[in-house]
């Protein structure tokens, strides 16, 4: 089961060339992950961040085609690997049938001192339900 | 010869966990590429963007350690591959001896209609001088 | 009739002090104005920006209380003055009964060369329907 | 004595209309204030924020003319009023002889709990030296 997140391309996302400024895509990716924790896992980011955090350890992204102001993007997130204190996800953003972004990343669950710490069982079990194909 | 770009970590870059919010790193990366075109290649981005653009086709980034408000980062950029209308670069950001960011990316030189177009000789020749080890 | 725009405070909006970084409020304000043109006036920003633009000429903002990650804000926009090529709005953002932001601003409708140009009648008439108390 | 802060208009600052996106001006304003505390007052923001903070309580800004990619702006900051736990500043940004931004704002010095707290004498005395005309 993939988690879905719609995102319209807004004025603030676009650069003088009229297309999405690529650092803004990473804000959208972060918004999608935040919505996934909130709506998908039932663990709002603002609760999670009282005691821990989930920094991104690595991320690899392709932009096969540009997105323009007003485009309606649909982000889809799948969990591809669950470690003791980490989780890998893959994500795509499409506008209609056209793929605009393909990404894969690793999140690490860290405690208040920034040290990797095991996922709570509640989160681990929920992550399993968003497990997509491992690639 | 690597191109060097210093960047202090500012308040605006940091998140509630007190470390750089990762999408902000991509703004720093873009600022480094903009400074490289201006100071390294002698082609200011605002001139280049009158007739063409250099969107990022893909980017792969690792964050081995977090950066905090006030840290003095040094970005280093090497050109690793030069194609007809593309260029690959590798980049690191260090704080003292600690590596905070390792990235590699592909830029594509496109015309006003977004179609890949050969690098002008002036830019291609300059890119050669920043050629680092191909990895 | 006020135009309403809900905005949850997300991770990306917050600073190391755990509250909304004030420049991020201006992105929210811009998003509210963009949604107002789209949903309120029936003129999506991406259509409008093909032939004209609506830069902000002035803006005055108070932040009576801080907003925190996870807060559910409700923005409300009223048009307070309609000129030949300009429009003033007032806006508030509240979290429950607490006011977090009070702003008033002037937008100017400009042509492709950046020169003030009269509002099209369609927009002018719609602006009237969002006319609130002139203050 | 005014505090001066140069800022080139970069690609990231500009919108599809090719001019500075106004929320980005507020990031520049914040960067100028951060540089002022660091270089002008000798109190780096990252030290200050260990025990206190200086949120913006109100800000009023005019944009008399647009700024474009590549413009070299010079920001100038004057302190116009010093209260027990607050300080007002006025700021302008010019490109050559043309004024692009005029702002005035109130900062409040707050403790770790967000409560207004008196400026330390060291900061108060330094603020005096940047006292410009009260308007």
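Some points to look at:
Per-chain residue numbering starts at 1, and chain names A, B, C and D are given in the order in which the chains are listed.
Basically, a residue touches a chain if its C-beta (ideal position, glycine included) is under 8 Å from a C-beta of that chain, and two chains touch if they have at least 3 such contacts.
Note that the coordinates shown come from a computational prediction; the quantities given were computed from them, not determined experimentally.
Because chain B and chain C carry the same sequence, their contact can be compared by residue number, and over half of the numbers here are used by both. Among the remaining chains, C is positioned farthest from chain B, on the basis of C-alpha centroids. Annotation: 28 Å between the Cα-based centres of chain B and chain D. Inter-chain centre distance (chain A to chain D, centres taken as mean C-alpha positions): 34 Å.
Residue positions of chain A with contacts to 2 or more other chains are 11-12, 16, 21, 23, 27, 30, 49, 69. By the touch criterion given at the top, residues 10-12, 27, 30-31, 34, 44-47, 49, 68-70 of chain A touch chain C in their complex.
Residues 11-12, 14-16, 18, 21, 23, 69 of chain B are the ones that touch chain C when the two sit in their complex.
Residues 16-17, 19, 21-24, 26-27, 29-30, 49, 53, 55-63, 66, 114 of chain C are the ones that touch chain D when the two sit in their complex.
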